[in-house]
Every structure is written in structure tokens, then in C-alpha cells.
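Each of the next two complexes has chain A plus one other chain: chain B in the first, chain C in the second.
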Partner chain A sequence: MVLEVKRPRPMWEILFSTHHTDIGLLYIFTSLAFLFLAGALAMAIRTELFLPGLQVIPDSNTFSRIFTVHGTTMLLLWVLPFSAGVGNYLIPIMVRYKDMAWPKLNAVAFWMIPVAGALIWIGFSDTGWTAYPPYSIIRAPGPAADMWIFGAKILGISSVLGAINFVVTILKMKHPDLPLMKISLFAWATLTTSFMIMVSLPTFAAALIMLYTDRLGVSGFFNPAMGGDPIAYQHLFWFTFHPEVYIFLIPAVGMLYEMIPKFSRKPIFSYQSGVTAFVLLSIIGFASWAHHMLATGMSFTEKTVFMVGTLAAVPASAMHVFNWIATMWGGRIKFAAPMMFGVGGIMLFFASGAGGVVNTALPLDFITHDSYWVVGHFHLILMGTVSLTLTGFLYYLFPLMTGRMYNERAAKVHFVLAFVGVILVFITQHVLGLYGMPRRYFDYVPIPEWIAMNQIATVGAWIVGLSYVLMLVNLIKSAVSGKHADMNDPFKIGEEYYDYTRREPHH
Partner chain B sequence: MGHATMEWVYVGVVISLLTYVGAESWNVERIVEHAPADAKTIKVTGQQWFWTFEHEDGKQEVGELHVTKGVPYKFELVSMDVIHSFNIPDYTVLLDVVPGRVNTIWNLFDMTGEYLIQCREYCGMLHYNMKAKLFVEEPSAGTEQASSAQDASVGGSATEGASNNTGASAPAATTAAATLKIPQGASVQGNPSYDPDSLTVKVGDTIAVDNEDSAPHTVTNGKDATDPNMGKLFDTSIINAGDSSEIVTADLQPGEYPFFCSVHPYMTGSMTVQ
Partner chain C sequence: MSSSIKLTNANKWLLIIIFAPVLSVSFTSFIFNLEQTAVAQESAGVTPPEEPVIRRVEIWGLFYRLMVIAFVVGAVVQGTIIYICLRFRESNKKNQPRESWEGMHR
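Right after this comes the complex of A and B.
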């Protein structure tokens, strides 16, 4: 396919290209750059919390800025663009069309991301990635918070444009001979995700505008001093960002459906079950947003409704897990690095799902809410499941992108380090939350248990950081001088790989 | 799909587990949701970055809360600025404190001792330091008056309504040799914090501190909140808006002493004792 390193083209030809593989490459490069930037911030946070008192971060304000930018970047500039990049690479191949439906729109959607990223990073806001008012209205210093608002706004537009493009490509540009119930489950994942983006994102987009006019002082939607209600923002925000959790997750689920059958050398256990679970999840995902707000003083009825809505999303996720396990069952599994990441991701998916049930069970939520339990929980899904799967898929696509193989042994070491590290950090943080440590604390009371668990988590974070540096070295070195991959079956599993010959930039 | 039965069984098991979790949670939450009718009300005010408590009898406490073991308490939570979250981790008391709303939560404390009250919702620079102490005390043998009197004597900072005497030691009779003002707007970072921000006094002088700002402040010795010796030489503790306090220098050695506000640590000044 792109094989950039083997047959180099001038940089500007890729930058100004609208071909789906080039855009896909740009998405993946950008998202990886942001992964490492935000990862560095995570290392700073964990190192700061190694001991009570001041360590490496000069003051609490800087600390708040760091966790804000870390969160925003990891979610909106790493997970989302990476999935969009993989979608760009694979969707046209999967639906047998020459490109995305609207190549120029595709390029526009991509080029919004570096702009938004620059706004968020240069501003370095301190509102927390949720930007709850009234803090974000009356206390957060400008222009940082305003730049954050515009950055998030632009990312929202970019996402919606990308989603429209995917939906049209899959539904309208699909080859006439290819029925919808025969396209790859990754294409199904992208399709349902794109619909979810189009339905959920407008509320957040509206909330951001209201937040901005509130900051300007011309309106008071969320400012109690002007008759507004800060809880209204939280409803609008989570109506977007709880479905967004599934928007982060579902593409990773689709990638697992790509990798698990191939490396198990077996067909998928049940294609229909996978499609059903995608569609179910994308609908029920909208019924649970206010479980993020169970502690804001909602009525008993509201709390019950959102607890039930949250629990209802679990069977659909559980169906995916069943499907993967049943696919692997009795298969001749080859544990190449991508498969290891995939299986690791599934194991952690189970753990984080169980933790999620604890979160939503009403009386228990008041133990875990806004504590390190929650930090552990959502990192376990976003780092443990989503990011590990994305990383595995990056290895899986590496031959397609470069025509070369990465170093398998280094990739396996990467997996073992990352997996152990993730467990050390995030399972420990669950327990730390049960001991009562709140999230977003710059400094903490020197309770011996808190210190011990923070230290375990910090060491785990260093291990994860180290493992990703190893990946970076491996990928750069292999892209330049790795072994040439057998492009028909680079992993030697006797299964079909992607069509690598379609690299004919038509512009 | 020959193995469909297996998947249905699996989905059935998952759904029944979830149904059990949901029903049990609903049942427990239903029981703990509403405060008993005889609960005593404590008004809790959260603001950047400290807690204030007002008992039913009008008694106010800042940064400390004294309650009686075995008595149900209903907490009415209000915020003066941004969203906070009132949390006593040892008793699973947790509810957001939302400006413009009054949230209520109740609890019955069944063990005496000292517990931590903290803020769980990110509220700005000193979120991590927004703490208070909860003292659960044995009910005294006598009447309610007796128990509140005991509260006042046990808790050093428990104060009666507006007559807020937080002075370190000396009674207000001594005349002040110097005055330290906290000007209006001092709580906002960048504004002048103390007037004058460096003052010179003689050993034994008493310095009157007037808080003219609309937020509470302290004058605490030390460079900042990380100073291990902060507040050891002098500390006015919380001076509410419009109130006064004083600093006694009789025990100090000549020298220069930096001080700051423990609520707003960017407010700093220094005092030279001759």
C-alpha cells in the first residue's frame, strides 16, 4: 500500500494528498505524536504523586493544567484520530471503493486536528477535561480556557465531518455486489460509531458555545449568579461524552474482530451476534449518561433510571467478549504481538466492565465516585482495553504501511511490560479509591496505605512509559531497516491480509 | 449459528446477574435515601478552599465539625463559588455541593474519633487542600445545652455566631501598636494582598489584623503551605470577612518573619521584629 519508506515520495505530496491511505497515515502519525506528548504528562503526574509533598511539578495550578491537557489529548487527539486513521486506511478497501466518498472533506477533517491540538496545547487550560462550570466560567483563567473551548469545538466539527464521510462511504459507495451483512465487522464498528458521533456531538457543541458566551459574561446559562444552572452543562456534556465512551471503544472492538479470527485461524463465531451487539450498544449507550452525575443531588427516580440504563449496556459488551472467546476456542492461535495485545485488551475489558457495574450500583457509587477508583476504572478501559488494542492494531497494520516487519521480540516485550504496567497502575488505583483518595489531588495526606499504593501506581506508569519508548524505537528502526514483509501473509498465519496494491494516489 | 443456545444461556446469566445487582442496589438506596424526621440539620458551606459548618443552634465552625455519636444529622450543602463535593470517606458520605442549589445528605455517626472531611470535585488551585476535621464525640449525660457547651470547650475554634474571637491568645484589651489590613479584593490572585505587605514592629507589640475583604483570610507565619514550620510562631487562623484578629509578638525573637494566607497561599507578606 503506502510503502512510503521503500518508495519515498516528497513530504509535501503526502501532506497535500487527499488519498485515503495518505490521510490515514497522517491521522495515525498525528495521533501517535499526541500519544507520546500526553504520555509525558502522565509520567509527570505519576512522578509528582510518588510521595506526598512537592516532587517535580512546581505548583498545584500547573498540576491542574497538566491533568487537563493530558485527559483532553488522550481522548480527543489520540484515541479518536487513531481510529479515524485506521478507518481511512481500511474502510475503502473493505467496501471496495477507490477512496473515501469525499476525499477533500476527508482532508479538511484531518487538518482541523493539528489546529485544535495546537490551541489546546498552547493554551494549557486548567479546567479539567470536563470543564465544569461555574469553575470554567468564573474562575478559570483566560485565554487558556477559551483556547480549550475552541480546540474542543474544532475537534467536534472534525469528528462530525469524518463521521459523515464514513457513513456515506460505507452505505453509498459500497460495491453493489457486497451486501451490508457481508462487510467486515470493523466497517460495522465504524458505521455505528459514526452514527453515534452524529447524534451525540451536537449537544456538546452547543454546550461549548453556551460556555463561551457565559465566559464572556453576555449570558448566564450555567452561571448561578445569573440564574443559570451548572448541572444543565453536565447533562449536555455527558449526553455527548457517555456515548463518546462507546465511540472510543467500538472501533477497538472492531479491530479485535479483525485480529482475533485471523490469529486464531478460525472464522468469527457469530457475525450476526457481533452486528447485533454493535447496534444495541450504540442505542443503549445513550441511556446512561447521567450515571456520571449520580452524586450531583439527583432524585431517587433519576438515579434509578440511569442505573438501569447503565446496566442495560452491559449484555451487549458481554456479547462481544463471548464472541471473541468462542472464536478463539479450539483455534490454532498464533500469539504474535498483535494477538497478545488483543487478548490482553479483552482480559482488561472484562475487569473494567465489572468495575463499571460496581460504579453504577447506587450505594456503591457513593464510595467510588470522584475517587481514584474512577480514575482506575476509566483508564483500565481507555488504556487497558482501547489503547492496548489500538497499539496491537498498529503492529498489525505496520507491514501494510511500510512494507516491512517490526521486530517481533521487542513488540512482545512491549506487550508484557505494558500489560503488567497497566495492571500495576490501574488495578492499584481502584483500591486506592476504596481507601478514600479523591482524584485530581496535587498532594495528599501521608497515610501509609495511600503512599504505598501511589508508589506502586507510579512504578507501573514508568514501566508503561518505558514500554512505549521501546515501541517507538522498534517502529522507527523497523520502518527504516526492518525485514521486508511477505505482503500476502506478513504474519505467516495462512490468512488473507489487506490489499496492499491499491496505492494509486489519484490526485 | 449452531451454537446459538450457548450464547443465549450466557446472555441470560449476565442479565440475571445484572438484574440482581440492580434490584439490590435499588433496595439499599431506597432505605438510605431519606433522612429520618428527627435528624439535626447542619448547614455546610463550601467555598474555595474551606468548609464552614453551622449547627441548628446557630453555632458556627470553620474547618472543624463536632457531632455527637448516635445522632442522625442532615447536612444541607451550599456553595459560595464553584462546585465542590462534601465527602467523609470513612462514613461514605458523598454529595456534590452545587452553587445555586441546596443538596441534602444525612448520616448517623456510630464511632467516636477524628475523621477526615475532604472535597472530591475539582474546584481549583487548592482542591487538594480543601479539608476539614470531623470529631465524633460521646453524647454527654445532660441535656442538649450541655452537649453544645461541651462542643464549645472541646473544639478550640468553635465560635459563637458573629462574635468571632479568633485571636491567638491575648484578650482584645491591649492596644495595637500596628495595623495590618487585608484590603478588598485580596482573595483574587494578583491584587494587593496585605497592607502593608512588609511591616516593622518591636518585640511585644500587638498587631491588629483587619479583614476588609469579602473572603476569609489568615495571617500565618511561613513562606507557603509547604513550610514545615508554618503557623508555629503565629497564626490568626480563619478571619471571616469584616472581622478582626491580632498577632502577639511577645514570644518572637528579633528577625524577619514571612507570612501568608493559608486559604490563599499566593497572598504573602513579611514582618520584621526589632
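Right after this comes the complex of A and C.
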């Protein structure tokens, strides 16, 4: 928060602070650090796949370790903490309360993240981010896999503590004069996400304990040799992690609801439909977990139920898209960098959604399953929509965090490079999947089409990597010596920015 | 006594709750109809021997049909977004400030 940052303080004062803006700052710094670490791993993966044969990674086991830590870090140490950081900054301001409901609990929830991140990175497990048994319980080398289990466990506890804090802050600490149906849609996004975390995560927590005791050999829940069922783990895992997809997505949607009306200089087209779509998505998110497992031999009826459950997310998602389009229609749009990232994210949201419909259609799932189509699909949503939106929102919050403005031209160049790069990588990966290239493979058969498409994807990845290095330089330089921002309206759109002083104490 | 039905907020919510499943089921039924002959289940005894189903062909046929739908809908949605970006950008000379709207979204 600018008020705090303007007054120089020793570093330890921020590190040991329980104030929501300090915690938010720590969340955002940490998540960005992990974004760049996991991004470096992504560059290694793509460089390895530039050509068939060994390139930069010495063996297949190291390759497995790299994509495991890349996936775990990007999902659990970049997207989730960044959204929590933004929530920490904005939720108390939006509900007009002095801080989060439980500031110390908030700090505890944050400080679990570096610990968990260290466990995951020092261990460098090779189980894949899903840690499917029987490999993860029988063959996966320890202590790497055990450290991954404990890291994931700690992250789960951190998320649940954070979620409880958000729910109580929004529902119990909001200003008495502020009705729930008047709070910002970003606050609604945080509220629904927090409820989803509280409902979905305990299942994964239980699965992790079972996985660990299976590894110790004292139980055999998922061990076929002891009468266990590996598929049971997949149900427990995806019961948490399909809703988790929406937990990654919904805060980004909330951020879009902050940026689109602001930069369009128009009210949101339909606040009620935004709230309805959030609530619908948070319920429907629990009705589709087994679509990740359509190829595991479930009955036709089960598969059909989960296919329908998955398709039921389409109307709710479409409600958001049409809401954004209708909000922009007739506005006077200022294309500052945050808005460019936002609109880019919306365009890729449709493309990734269409790919998802193909995945879930039963006969088609069998031709795309475990192929690069799936890699392209989920990266398009997580990198194309979620990460681009998060990046746009980082630019949007930059004046609030530092009191300074970033370099707008560099930010726009960042957007263009990132948008083009994302399309080159992930749309190409869809086609690569249709050509039959399996995912998670260290090496591949030198088929000319596969080589060409892998090279396009790798060049795209390098472009994305370069764009984010540009962002890093821009933000560091601007934080140190950028122009001071007009805190009433830093983007010159004729509307007030977040006003830290608007909160009246009422408790 | 007025016989007109007022569209209150509660009614809007009701309509959304009613139509969301209707739309999703309709969409699903459409897909079911498309893949009628390509269900990856045992069809022996149902399909006469003189009309063999080549699943590979049927499944890829379904894929291409879905892609046609996706590209058509995508072209409309993305085309609309591109049009909005061009037409309603602030640098477009036709786009004048609207005093009644601007600054009102909070």
C-alpha cells in the first residue's frame, strides 16, 4: 500500500507485519519469485523438446522432476498465492474494514508458503504434479516424493486458513451499511473461491495422508499388491483439483470485472448475472471431477454424468464472457496495458473453453487423452487466460503498491510478445496432440511434422519468457525510479482509483 | 387489476436458474445426436452387418463437426470482441465521451 511504502521502513518490519497490505505484498513478491523459477523450468522443458534426442536435460528422470516441479509451482505457488495477495490488498478496502478478520492467522497462512515451496523445490520430486499411484507409492524415490507430499499438505492448510479468513472478513467484517449485493464482483469471486477451497481441499488432504502411509508401507489404500485401488486416489485427487481449476480461474474473472468496466468507462452490464455465474460455477465445479478419468474404465453412465456435469459449466462461463462484451460495448475504452492483458485473456478464454468441450465429449476424449492436446488446453486456460489476466492486474495494482507508474510502452510490448508467444506455444500443442504426440515424454520420434510443431512451440515459449523478463526489468526499474503516480486516477480514465482512506472504522 | 408480470430481480434469478440447465441439457443432447453412430460401446447386434461402423472415421467426423461449430461460434465471439476494440477505443473519432455513463460504475 502506497501509504506504507512511502514511509521507508526496515525490511524486517514488513516481513513480520500482520497488516493486510504488507501480507499482500509478501504474497505477491513470493508468487512472482516462484513464477520466474517455474518459468525457467518451462524454458528448459521446451528447449529440450526443440529437437528429438538429448538437448539440455541429461536424462528422462530429470525431465520428469522438472515438469513435476514446474506444474506444482505454477499452480500452487504462483496462481494461488498471487490471487491471495491481491485479495489481501483489496478485500479489506472493498468491505471497508481496517484489516483482515484475523491478521495473525493471515500472516501464518502466508509464511507456510515459503516453507512448502522450499520442500517442493529442495525435494524435486518426479511423480508428476498429480502424484498418481502406484508409481508414487512404490517406485518414486524418497525423500523427494515425501517432501512433495508434505509441501502440498502445508500449502493445503495455508489455503484453507486463508479461505476462512476471507470468508469471515467479507461476511462478518463488511461495513454494516454495505449490502452483500453491492460489494465488488472481485469480492464475490474471492468469497466463492474461498468456499470452494474449504469444501474441496480436505479430500486432497486425506488423500495425501493415505499416500504417505502407503509409501511407508503401513497401509495399502492405493497399492494393488495390498488390495488397494489406485483409481480411488484419482477420484480423491480430482475431487479437489477439478474445483481447483475454478479456484484458479474465478479470482482472475473477478479481476477482469475490476478492470473491464474501469477501462471501458462504463458500469458493469449486469452485476447480478456476474454473481449468479460465480455461484453457478462454484457449484458446477464439483460435478465434473471424473472427466479427467474418462479413460480409466468407468461405466458409460458414470462417464455420461460427468460429461454433462462438465458441459454445465459452459453457460456460466458464457455469462461472464457476454457480460464483459456487453460492458465494453458502447464504452470509451482506454487500452492501457492492464486492459490489453484483460481483453487478450478473454479472447483466449473462449479458445481454451472450446478445447475443453472437445475433451469432455466422450468419443473425442479417447483421441485427445494424454496427448499434447490436453497440455495445450490446460495451458491455454492457465497461461493464456489466468496468468495474462493476473499479469494485467499486477500492472493495474502497481501504482497502489509502489506509488509509482510502470513504463506503459514496455508493458504494451510485454503484452504483444506474451499474447503472440502463448498462441504459438499452446495452439500448436493442440495440433501436435492431434498428430498423436504423447505428453510427458522426454524424447520423441523424429517425424517431420512433430519436429516442426515442437520448434514452433519452443520459439513461442522463448518469446513468452523474454516478455516476462521485460516485465521484471520494467517493474523493478519503475518501482525504484518510475514517475510518481497520481493516486486519485493513475490511469487517467476519469474515475477514482482504490481509496485507502475511504474505510471508516466501525468496530 | 393488472395482469402484467413484472420482471423483478427475483424473477430474473428464477429465469436464470430455470434456463441454465435447459440450455446445458439442450447442448448436451445436440452432442449426443451427433455421436449417435459413434458411441464407443458394443454395438454388435444393433448395427446390421451390411452397415459396418468404422469408429475411427466416425469419431474423426464428429471431431471435425465440433470444430466447425467451435470455429463458427468462435469467429462470431472473437469477431465481436475485435469489432468492439476497434469501434469503441477512445482514439476512435466517432467515440465521444458519454457524460451519463462515465465514472458511474462504482
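Heads up, the rule we're going with is that the second predicted complex is superposed on the first by the 494 of 507 C-alpha atoms of A that agree within 3 Å, B and C clash if a C-alpha of one lies under 4 Å from a C-alpha of the other, contacts with A are read in each partner's own complex, and residues count from 1 in each chain.
The definition used in the following text is that a contact is a pair of C-beta atoms (placed from the backbone, for glycine too) under 8 Å apart; a residue touches a chain by one contact, two chains touch by 3 or more.
As the structure is a prediction and not an experimental result, all values here were calculated from the model.
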| item | value |
| --- | --- |
| Which superposed partner A:Pro261 touches (first chain B, second chain C, both, neither) | second |
| Partner with the higher number of touched chain A residues, chain C or chain B | B |
| Contacts of A:Leu362 with chain B and chain C, given as first, second, both or neither | both |
| Partner chain(s) touched by A:Ala252 [first = chain B, second = chain C, both, neither] | neither |
| First, second, both or neither for A:Asp229, with chain B first and chain C second | first |
| Chain B versus chain C as contact partner of A:Ile170, first or second or both or neither | neither |
| Which of chain B and chain C A:Ser273 touches, first, second, both or neither | both |
| Which superposed partner A:Phe350 touches (first chain B, second chain C, both, neither) | second |
| Chain B versus chain C as contact partner of A:Ile333, first or second or both or neither | second |
| Contacts of A:Val314 with chain B and chain C, given as first, second, both or neither | both |
| Intersection of the chain A residues that touch chain B with those that touch chain C | 272-273, 300, 307-308, 311-312, 314-315, 357, 361-364, 366-367 |
| Complex interface listing, chain C residues touching chain A | 9, 12-13, 16, 20-21, 23-25, 27-28, 31, 35, 38-41, 55, 58-60, 62-63, 66-67, 70, 73-74, 77-78, 80-81, 84-85, 88-90, 95-98, 101-106 |
| List of chain A residues in touch with chain C within their complex | 261-262, 264-268, 272-273, 276, 280, 300, 307-308, 311-312, 314-316, 321, 325, 328-335, 343, 346-347, 350-351, 354, 357-358, 361-364, 366-367, 494-496 |
| Contact footprint of chain A on chain B as seen in their complex | 1, 3-4, 6-7, 10-11, 14-15, 18, 21-22, 24-26, 28-30, 32-33, 48, 77, 81-83, 85, 87, 89-90, 92-96, 98-101, 103-104, 116, 118-129, 131, 226 |
| Residues of chain A that touch chain B when the two form their complex | 53-54, 60-61, 64, 126, 128, 132, 134-135, 138-139, 224-225, 228-231, 269-270, 272-273, 295-297, 300, 303-304, 307-308, 311-312, 314-315, 318-319, 322, 326, 357, 360-364, 366-367, 369-371, 435-436, 438-445 |
